[in-house]
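In what follows, chain A forms one complex with chain B and a second complex with chain C.
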Partner chain A sequence: MFAVTRNASDGRKRARLFSRTGASLVRIIFSLLITFIGLLLVTFLIGRVLPIDPVLAAVGDHASEQVYQRVKEEMGLNLPLWQQFFVYISNVVQGDFGTSVLTSNPVLEDIKRVFPATLELATLATIIGVFLGVPAGVFAAINKGKWPDHIVRIIGLAGYSMPIFWLGLMGLLVFYLKLDWVAGPGRLDAFYVDFIEPTTGLMLIDTLIEGDMDLFWNAVSHIILPASILAYFSLAYIARMTRSFMLEQLSQEYILTARVKGISETRIIWRHALGNVMVPLVTVIALSYANLLEGSVLTEIIFAWPGLGLYITNSLLNADMNAVLGGTVVVGAVFIGVNMLSDVLYRLLDPRARR
Partner chain B sequence: MRRLIAGLVLGTALATTPMAAQAETPKNALVMAFAIDDLITLDPAGMFEFSALEYAGNTYDRLIGFDNDDVSKIYGVVAESWDVSEDGLTFTFKIRDGIKFASGNDLTAEDAAFSLQRVVLLDQSPAFILGQFGFTADNVKDRIRATDENTLVMEVDQPYAPSFVLYCLTAGVGAVVDKKVVLEHEKDGDLGAEWMKTNYAGSGPFALNKWTAGESLSLTANEDYWDGAPAMKRVIIRNVKEAASQQLLLQKGDIDIARNLEADQLASVKGDENIKLLSKGKGALWYLGLSQKNEFLSKPEVREALKYLVDYDGITETIMAGRAQTHQAFLPEGFLGAYNENPYSLDIEKAKALLADAGLADGFTVTMDTRNTTAVMSMAQSIQATWAQAGINLEIIPGDNKQTLTKYRARQHDIYIGRWGPDYQDPHTNASTFAWNPDNSDDASAKPLAWRNSWNPGDMTAEVDKAILERDSEKRAAMYVDLQKKVLESGPFVIMFQETEIAAMRDNVNNLVLGPSFDNNYYRFVTKD
Partner chain C sequence: MTTDTLLSVKNLAITFSTSKGPVHAVRGVSFDLGRERLGIVGESGSGKSQTGRAILGLTAANGKITADQMQFHDLDLRNLSKRDWRKVRGARISMIMQDPKYSLNPVMTIGDQIIEAYREHHKVNAIEAKRRALDMLAAVKIRDPERVFNSYPHEVSGGMGQRVMIAMMLIPDPEILIADEPTSALDVTVQLQVMAILDDLVRERGMALVFISHDLHLVSSFCDRVLVMYQGHVVEEIRASELDQAKHPYTQGLLNCLPKMDGNHAELPVLTREASWAET
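And now, the complex of A and B:
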């Protein structure tokens, strides 16, 4: 069913396709631009109506009134709101996202540091979630109403409802303190923190680039627990959705036809039914991946994981608006990127979408 | 497919089997978990945060220091000795020979003068500590100057108590920076302000290795430190916000010291024979600020009643678990003139009688803006319970730190439960905020704590101004005792506790020094067995 019929000789059709692609590309870019400006505007307004004084983060509670007023002016907070926004947008257009008050670094540099930490964790968690969640869902569906189904559903329900804060601490207590299977909070042992110069910012990749296997395994032993805990949550969701999609497919007539034709049950389940489930499943997986990419604040706090979630939350609580807006752009871009990725996957998985 | 699943199971099992054995931390390195996300700048001219001051205290030399156990003993650090002129207006410091910056440059009086001038010229948060001696951007280059390689002269505008001036120089603003290095990185006449936020130009026992905001801070030992090289060649501070995570790291031996354990964690590490605790009274005070704009709180009887309605012992023992001790006057124990009597204790009947005197026998309802951290919320709940016994209905409004503070600073609170840390070691720092308020109008140019609570301390403002000019230490101390008693009696502050810092450390760590403020927490003497 994945066979593709190409009409390679039809050059005109292709040319038309390209010009159509060109026009739609312009449309896409334009709508992206509007989306981002809208996103920034809303975030900006929310930031300004927060009952938190942004000057406080910069000068602290003890500064004299005179310093306070001077810094307030320097930060442009005396200008009318629309003007503040306009100044910000025109800087952003020139690629300047401003400086974070909390870190004294340019926001872009901060994001280059915190986003890879989240990306690494979210990707690993999603991979684990998919590779365990999808088979579990299928397994539950084909054993509907029997004990394997109940087990998967109970595990799923537990994963969905257990507070991550508690689960994370318990995980550390058992696997780190008692059993010594994994390393503790942080991306590397504290003593190694200066040994790695970030190239990609992804610890697993950077350590490999440096060719230091000790550091690589150290990074693995640090990431495996938080990734598994995040994975548990996406696993629970993915397994549940897979199960219900599968149940729907297995009751379809083409499955009955296949069975009547004498195709093996394994092939029917993994090839025919799962093949059709893949398309809606990709949407589910993409959504859960995008959610993880926003950063999970509680996980980041417990595991001392300097990721995007903590960065944005901290900045928001201090009304550090440059950082918040920069983070918002990243989250927006992530959602758009993941959406595009799932579009591409649709085309691969669903022959109808290729036309 | 079956092979794939088998592979996955095996892979997961492999990935979770013990990795390299968890060795303890190296003998010549100190590894610490510390909530350092308040660190926003590394520049001594701009810093006011605990972690920043602690960093600067270990990486920069200051002109003057004081004995952690007896703060009245002031000694020279960069300044070897000093003279105060007869009229009390001119301070002359002799700069110590043989101090070198990390860059290799010699530290001279020129660097010291530049450092102080820089604080005033940049006019950032801590600049007022020097500004109160009459230094302004216009006059500071004349009034603070190096007359030769080894002599620093400082001319103040009034004959202040010498201890006042000297204590201010023990604060972070007294850190000496490397003039040459800083000016090499100057941009558009900013005196290196941008660069210094994330870089280092000092001469202290440790030098900055790397700061990754929100993640870690690491220092390397200065092998040529003039007062002896530290035993620890590296100090690594990892930002761990969560106290429970700090506890696990410490129990496992992956860190040497955990800095932010709370009551629960302290209780559970107490039985661990590999862990010991070190505590030190800090200067910070926990207090309630009672807005005098509130019709109930502005009654003197109510203010007094509330002071009888705090379960001081219960809170220090259970909620703070040793991290606070009862202290009710505005000068923390250890300060010149500190009044260490605590006249108030929990007395519901007395409070009820006072409320009845105020015509509020049936109680009243009032709100309290409260930071949503465990310790502060628990304190607030204890207070809520004791007040209820006297018929006062306290509504707790939880909020994030900056949120509650914003409201407090705008005078929009009824009650604010707060923590106030002194800015420097002289009594004036707290007197000038708890007992001084020259202008109680909404648009005042100075906004001390008295102002935030809309309280006019009357004559006390003038007394505070007079106390800094009293050059006889004993008389000066007596003036502060008098001020503290007055504030205790009539002030809109229910000062409750003085903070105690507790560091939990592995058994093999010795000689960590905790001082009365974070800038006197020193790593340089630390050794490990």
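And now, the complex of A and C:
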């Protein structure tokens, strides 16, 4: 009888949860659409406001007036602004961001090539940052005011204050040049570059798909240094936030309740307190991840990492407006996506947010 | 006191070191506790809650406890190791906290929290633990234990939350239960229901109850014996039934402050304090 009642109530609960999830899914998609249109509007306006003439960038300084006018017409720039915007939206929806002047490839193709490099770097950096930063923050919080707390604080402070280009160069100098523990700039040794077919564009996964362990370890030894350096920054931030969230939770009444029950201190910290810390922490982690996904220009330059940050910067310096706008839309879309993901996780972690 | 004394406290003092100098929260409290219901009454800051926490070894880190004796059966509570404390807490001495809104973990289901309290001290499998937890929820007169078991703390009312609290603290079957203002956060109508449930269970299981409250009426109607505390001292110890014969002016003052249903409706007197009460 007992089992029957349990299943019945579980079933009802699940059905309720599903219908609620369905309704909120519709709401999420709707708000995503609105946000995305807003994003397109902003990038479009930025593109029109910037004092860069896309026609001039395409035809060059020495083109005749007729050529200039013809190209302007071909680009649709003689239409009223609102029409241009609709043309822009319908192009973007079809995946057409225009052609890059710099690389003469479609912008979408360029982004498909550079974004995975950034995605791979940012994801690995965030994973390292979370797996080291959260325990470090917890460790600091439970030893508040003692030496482990100070050590974590000093490491964090150093992470904040060291410029990333300096840290990157020092990392290369020590671990690549002197110790030879890691490989140098680039995603693979130059010798290997043509061996790999970009399936996902993520080097670590592509090499695994091909089953070539030599290539895989080569990719690992290339990514580990830039990823660690980026991770150091997100680690410093995550550890600091974890520490303060943890201290706040440990002073709550329910922690005392758990102690009264005779629960072990380990379980109190990692199950009770951290379960509550994860709720605000998820947002912090998501924002730091989104920041990295934007592409860290300096890191990408130092490590010759062909990522999004490098691509957008280069395009901007060369007045390649299509590429800049395309890149900006991608960055914006990534922010929206990561925010939505953190929203979903937030709901999963905090039952009070599931309404 | 008698041979069936569970807990004997002699000359307990708790001092907190703060940035403004030491605060003497409790100064020389002594009592013996048998299988009875002992009330500790006092205004806020009188040290009653700190006395309760000290019995569980849960005084805040900046507090220093001294006592001539703190004997629980054959255990000297003054110098228990962390490991030994964990065997006492929950299993043998437990405490009901004030406000279920804050004292239950918001991201764990009620069922998980009750099961956790039970399995910490009893080696049983998950199914048996769940059965026990549901029984316990039924014992605190929750009509739909299954639903409450699967709920989160924010999904139940305050009165329900406090019943959950009682269930959680009684499920390992402790010998002493400390109830620290268990009904202060509840509506007046719910207060009596919760107290009645608590009282029933304490009688049924033959536990000792330490009932900490500022409510003299409530304490006297649910306890056998009352300790009246003032500024860290016990100023009077009296049988609950003989409360109207209280000798100490503070207790008398507290009693006089309470409105009566019969008698005149003149203005209630204000308690006038004397510095000498805080000495002794």
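As a convention for this text, the second predicted complex is superposed on the first by the 262 of 355 C-alpha atoms of A that agree within 3 Å, B and C clash if a C-alpha of one lies under 4 Å from a C-alpha of the other, contacts with A are read in each partner's own complex, and residues count from 1 in each chain.
The criterion applied here is as follows: a contact is a pair of C-beta atoms (placed from the backbone, for glycine too) under 8 Å apart; a residue touches a chain by one contact, two chains touch by 3 or more.
Since the model is a prediction, treat every value here as computed from it, not as a measurement.
Novice: Would you check which partner chain A:V182 touches, where first means chain B only, second means chain C only, and both and neither mean what they say?
Specialist: In the superposed model, A:V182 contacts chain B only, not chain C.
Novice: Does chain B (first) or chain C (second) touch A:P351, or do both, or does neither?
Specialist: second
Novice: What is the contact status of A:R113 with respect to chain B (first) and chain C (second): first, second, both, or neither?
Specialist: Touch status of A:R113: first partner only.
Novice: Look at A:G275 in the shared chain and tell me whether it touches chain B only, chain C only, both, or neither; answer first, second, both or neither.
Specialist: second
Novice: Let me test your reading of the model: by the given contact rule, A:S264 touches which partner, first (chain B), second (chain C), both or neither?
Specialist: second
Novice: Can A:Y254 be said to touch chain B (first), chain C (second), both, or neither?
Specialist: After superposing on A, A:Y254 lies in contact with chain C but is clear of chain B.
Novice: For the complex, which residues does chain A have touching chain C?
Specialist: Per the touch definition, chain A meets chain C at residues 2, 5-6, 9-10, 13, 252-254, 256-265, 272, 275-276, 279, 349-352.
Novice: So in the complex, which bits of chain C are touching chain A?
Specialist: Of all residues in chain C, those touching chain A are 56, 58, 82, 85-91, 94-95, 97-99, 102-108, 116-117, 120-121, 131, 146-147, 150, 152, 154-155, 165, 168-169, 172.
Novice: Sort out for me which residues of chain B touch chain A in the complex.
Specialist: 1, 5, 8, 12, 15-20, 22, 25-26, 29, 31, 33, 37, 40-41, 48-49, 123-128, 131, 197-198, 209-210, 212-216, 218, 236, 238-242, 244-245, 248-249, 251-252, 254-255, 400-403, 405-407, 409-410, 423, 444-447
Novice: Can you list the residues on chain A that touch chain B in the complex?
Specialist: 50-53, 56-67, 70, 100-105, 110, 113-114, 128, 131-132, 135, 169, 172-173, 175-177, 180-186, 189-191, 193-194, 214, 217-218, 220-221, 224, 266, 270, 301-304, 306, 310-311, 314, 317-319
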